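Following this line, the structures themselves.
Shared between the two complexes below is chain A, which pairs with chain B and chain C, respectively.
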Partner chain A sequence: MSATRSPEGSGTNEPRLAVYVCQCGGNIGDYIDTQHVIDVVRDLPGVQVARDAMFTCSDSNQQEMIDDIARESLDGFVVACCSPKLHTFTFRGVAERAGVNPYRVTQVNLREQCSWTHTDDPAGATRKAIRLVTAGVARACHGTALEPVQVSTTPCVAVIGGGVAGMRAAIGLADVGLDVCLVELEAELGGWTGRFGELFPRGVSGRALVRRMRQEIASRPGIEVLTGARVVGKSGTYGNYRVTIAIGDATTERTVGQIVVATGFDAYEPVAGEFGYGSPGVVTLPEFRRLLDETDGPIVHDGRTVRSIAYIYCVGSRTDGHAYCSRYCCSAAAQASLLVADRDPDLQQYHLYRDLRTYGRNEVLFGESRRRGSYYLRFADDDPPQVSVDGEGVSITVHDLLTAGAELTVAADLLVLVTGMVPRPEDDLIAALKLPVGRDGFLNEIHPKLRPVETVVDGVLIAGACQAPKTVAESVASGMAAAAQAAAVLKRGVASLDPQVAIVHDAACDGCGECVAACPFGAIALAGSDGHAVATISASGCKGCGACTPVCPIGAIDLQGYTDEQVRAMIVGLLDGGVR
Partner chain B sequence: MSTLIGPALAADLRRRGGFDAQACMGCGYCTAACPLGIDMLPRRLFRYVLFGMDAEVRAELETVFSCLLCRACEQSCPAGVHITDNVRTLRGWLLEEGR
Partner chain C sequence: MTTVQEAGAAVAERQPRVLVFSTNGISDPGIDLAGSLHMHYSPEVVVVSLPCTSAVRPDWVLFALEQGFDGVFIASDGDECAYLSDCARRSARILARAQDLLAEHGIDDRRLRMAAICSVCAESFARQVREFTAALATLAAA
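Moving on to the complex of A and B:
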């Protein structure tokens, strides 16, 4: 499959163009004399309309552009404004609404690359603007209409990680009719949730939740479950990836259209001595949950009945190296105290916290915990509790901000360190899929609000606590979001890709192979018959980076939208604009 | 000087008069509403009771008996603490055991 090339306006017939120069309020207009630029470029070949505007991106100006295109029967336009990173899609949208091919829009960067960089020299900035716009018009004169590259996609998704997020994603994908390959590192599905008893809210046990999801997965023949397995490689192109999966010493491959990464989190492991960790009577929250989940009746630890418990919150969260809040732990500790109160109402419980974030409905857990006798003491960020451990139990000294900073000592039989979530060390998977990792070590989405499950790697989605600390409910929601996003791509059966990709002029190519070596995406191969091998570029594998075009010794490769002809015309335009 | 905290005093006062210090969340609306401007009542005092800080409670004898029992604080309390009932219970404890 390759991008098609329309003959209209391909250089020989002069296209009909408009030029818009944006003042961007004062961002451009305070430094560049936009009216002068317009007066100079008005007479360039092909220019039918030229005007400036306070904000070219405004709704009213967009409508004026659409009206100009209709009235003057224009083929395209040049808009000299901000960076293409900001408004490429805005102005392509204008073109589409006006019935013009969106790739006939040329954006010239007058703000970041001219007015903002030459605030000390308005006259010089104006002269440079004339050169840049002249070059833009020259490029537009040699522009062509392009149509999106269409690739058919494989209706199967690889889901990496069989915790609640991955399991829920797999079920959702199967329900919309897509095949799933669910890859789990452990011997069975379930992840963290599968090890826990009662979870907030509503108190259903994690084991029961996971049991139900395992049954749902088993009842869906479209889901293939691989356990004791890890993804070790990825090849192929958008919509048709080959993932390599290692199971023990063997490897196998699957072809998939999308990949969902749901590899979860690790519990923070305190260092020895941190709040007494490593001493008898000091445990982490997951260790304490195991104690609660695996026993009944009065709480017994190390052979002794526990009469009092202290909790220290924010251990391994909101500190150096782990600047984030782990979100689930305040609610989980408050809920654990309720489980304790159910089993032993007279057991004393002291919660030492920095800030309580039992957000949303979990606030009820905090209120209930206080009502049932838990004491809450608040310490300052820079004044954490001091822990000392002797044979009798654990002694914790704290300055309680809610008691006017009074120094209080809590004697407890058991100290629970309310530990947060840390990213899993998935270096091999991160390398294999080129996953984007944030400063905190969790995987990064493209946009935290509007594109929360997509990554900058096309076709690779993230779900669950590999992205950031999440509760079970939040992990399940993001698993379903990833399923919806994967399905939105794959249920169409074809994907539309950017046509600004490299093409080979077959007749000219002599098959030297320089471009094959230059391509960072492995998208070029030598192929052909009759002894004449030529470079063949996969339109879906090409990212339009342009690395191949300059290395071709005979100029047989062009990057669509940035052809050699266009670039030469721009250079002439830059020089020509200097004498106007 | 660090105080070892324990539940005995709060349990004693709960038995005496349903003392409900636990419900207080320390917001300070009561202090703002007090027509006498008694800044001790009730949030810090209730914390002393909660943690069994007998000496600190005894030291507030004057404050506890200065209260008008006007209930302005109770009207303002978002947590519905029975502040004046608690004060009455405290007065009883101070009279019988506190000296």
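Moving on to the complex of A and C:
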């Protein structure tokens, strides 16, 4: 097997490569003629093996790649599949298992930037695919083996947010022997759940759950709890971040290996007049929960015993501005109706909904709610109920789709607006940690299934309802997932930094110092003897942005993985592609 | 090597070729999102992704146009760059240097465009490359 490391940037020794073109089921294969792509790129310089596959990421195909590499003594491979954001680590792992340097893997984006974009033009998509793969092969031909920079990591995690997700993450981390700094904005831990009584689906009390978690945290000396505190800054490098925490007017710093963000959600606040909100007898779901959780016996609101309740679903969800479904509210409303029925079986309850989403075990709540006398009426998306409020109560008019659109008027003593979750306005934290925010305003993971708690910011994880609307159980599960992800990195004690950093071609460098001034991380210094100083770049200090490369007047700096030679070869490949 | 002028004559029969420089963390996810939403644009638009807009070398722009691309579109980080708080300022300087380089070589600077494309700016990207493709076609016909 070739283990020779070719001189930096030079592609003089043509590497032995394989090319794999993924059909991604039909996601690529339905639009791009992958066999034709293979037939064209097979003859490119360096290509020893060229194949397409139904799913290149499948276990069986990964094994075939490993077998190819051994049989053909390959130096690396090009895989044309989905966006590199998804499977870079999958394919680098294949290379490692096959004994090939993981940085000799080149990925080509054939799905998001080709087949999915050009579903209207399969012939054009196929021509483009050939050009993209040709450029990938050209880039790979000029690639070099790179060794990751190893740094020791700090065995401590900053967990931001002391609701159930953050508390559970802290407990999980402490249990595997990592220190935790749990930063909570409020005066005490617990978040939303700490204010709730009985929770669905198992009937556990939120207050009792939080009390028990607080005790567990107090019994673990590795967990430091800072309340009335917020994170205002982050510096340092991956594995050893310095986190600045403000408590009142004072600030303090902690060094941490990973950061878990679990800042939770806000309840949607209806605007005045929205379904009568602001009038007597109209409350939101959280306000109603507080009434249920803080009182006993018959339901009393504004000094009057409530004899009938109406619920309007999807308030502030699946509308302009909040296009998403908040997922928990249907189940929460069905559960609330059961709590009401327990206290006053004769109270009339009317549920006005658009669609119901009581998934998993929560379906039982919905069935039980109907069995115990709740009426469910369905309205159309474009025909919401009309609410009028007078001194005697609330009157709601609805066209019920379940009775052929009949106009029904419900008179209720109390109207509950079943409000959803909205993202918290955490602009300062988002700016301090450079957190990725999705179109819905919640924080974004890299991939909801494959990398559900990681963000594009290395070492910054997310958990709980800051990511998307979640139930208590789902928040706890994601807190544990974040703890497992952080521990998987920190328990090794060392982390690998991306070696795709900038390098100086010493012989060319004339020591002008332009790059030193251009580097915002202070990673470049002038050093040398005999009066000939050259720029030297710290591999652990360099973040790999490449901003120093265009400022060098003589082109003496290259960014590994994106060298001048590689980019020019790609440009040529993108034009040629066998179809010029 | 095909000169830009020669390439211009051939452009009548095909769609203009556009090279996009994107960035791994910001504009490339935006371009990915355009694909995920099946927003169409010309398949002659191809993308090279770099870590940061501040890493685009002006001579790559010249090289791409000399080699046969009809236009270069820099899908920049704008103010969202994860590396550099002043990335927009640096990108603007790179654009100016590239424009000077094109002027020196007698290449119409309308063949180079730059716009900030955020990680969810799918619609903006699709619209801008469609407009750029149309503008380049007009340039070729003129």
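Just so we're on the same page, the second predicted complex is superposed on the first by the 369 of 580 C-alpha atoms of A that agree within 3 Å, B and C clash if a C-alpha of one lies under 4 Å from a C-alpha of the other, contacts with A are read in each partner's own complex, and residues count from 1 in each chain.
Here is the rule we go by: a residue touches a chain if its C-beta (ideal position, glycine included) is under 8 Å from a C-beta of that chain, and two chains touch if they have at least 3 such contacts.
Predicted model, so just to flag it, every value in this text is computed and none were measured.
By the touch criterion defined above, A:Q348 reaches chain B but does not reach chain C.
Shared-chain residue A:D121: touches chain C; no touch with chain B. Once the two complexes are overlaid on the shared chain, A:L132 sits against chain C while remaining clear of chain B.
For chain A, the partner touching the most residues, choosing from chain B and chain C, is C.
Applying the stated contact rule after C-alpha superposition, one finds that A:V567 touches chain C and leaves chain B untouched. In the superposed model, A:P520 makes contact with chain C only, not with chain B. By the touch criterion defined above, A:R168 lies against neither chain B nor chain C after alignment on the C-alpha atoms of chain A.
Once the two complexes are laid over each other on the shared chain, residue contacts for A:R254 go to neither chain B nor chain C. Shared-chain residue A:V410: touches chain B; no touch with chain C. In the superposition on chain A, no contact is made by A:K470 with either chain B or chain C. If you check the complex, the residues on chain A that touch chain C are 83-85, 109, 111-121, 124-125, 127-128, 131-132, 135, 434, 436, 438-439, 456-457, 500, 520, 543-547, 549-550, 555, 559, 562, 564, 567-568, 570-572, 574-575, 580. Note for the complex: chain A touches chain B at residues 348, 350, 370-371, 373, 375, 397, 400, 402-404, 406-411. On the side of chain B, the complex with chain A involves touching residues 1-7, 22-23, 25-26, 43-44, 47-48, 50-51, 53, 56.
Interface residues of chain C, counted against chain A in their complex, comprise 17, 19, 24-25, 28-29, 31-36, 38-44, 46-52, 54-60, 63-64, 67-69, 81-87, 90, 94, 97, 119-120.
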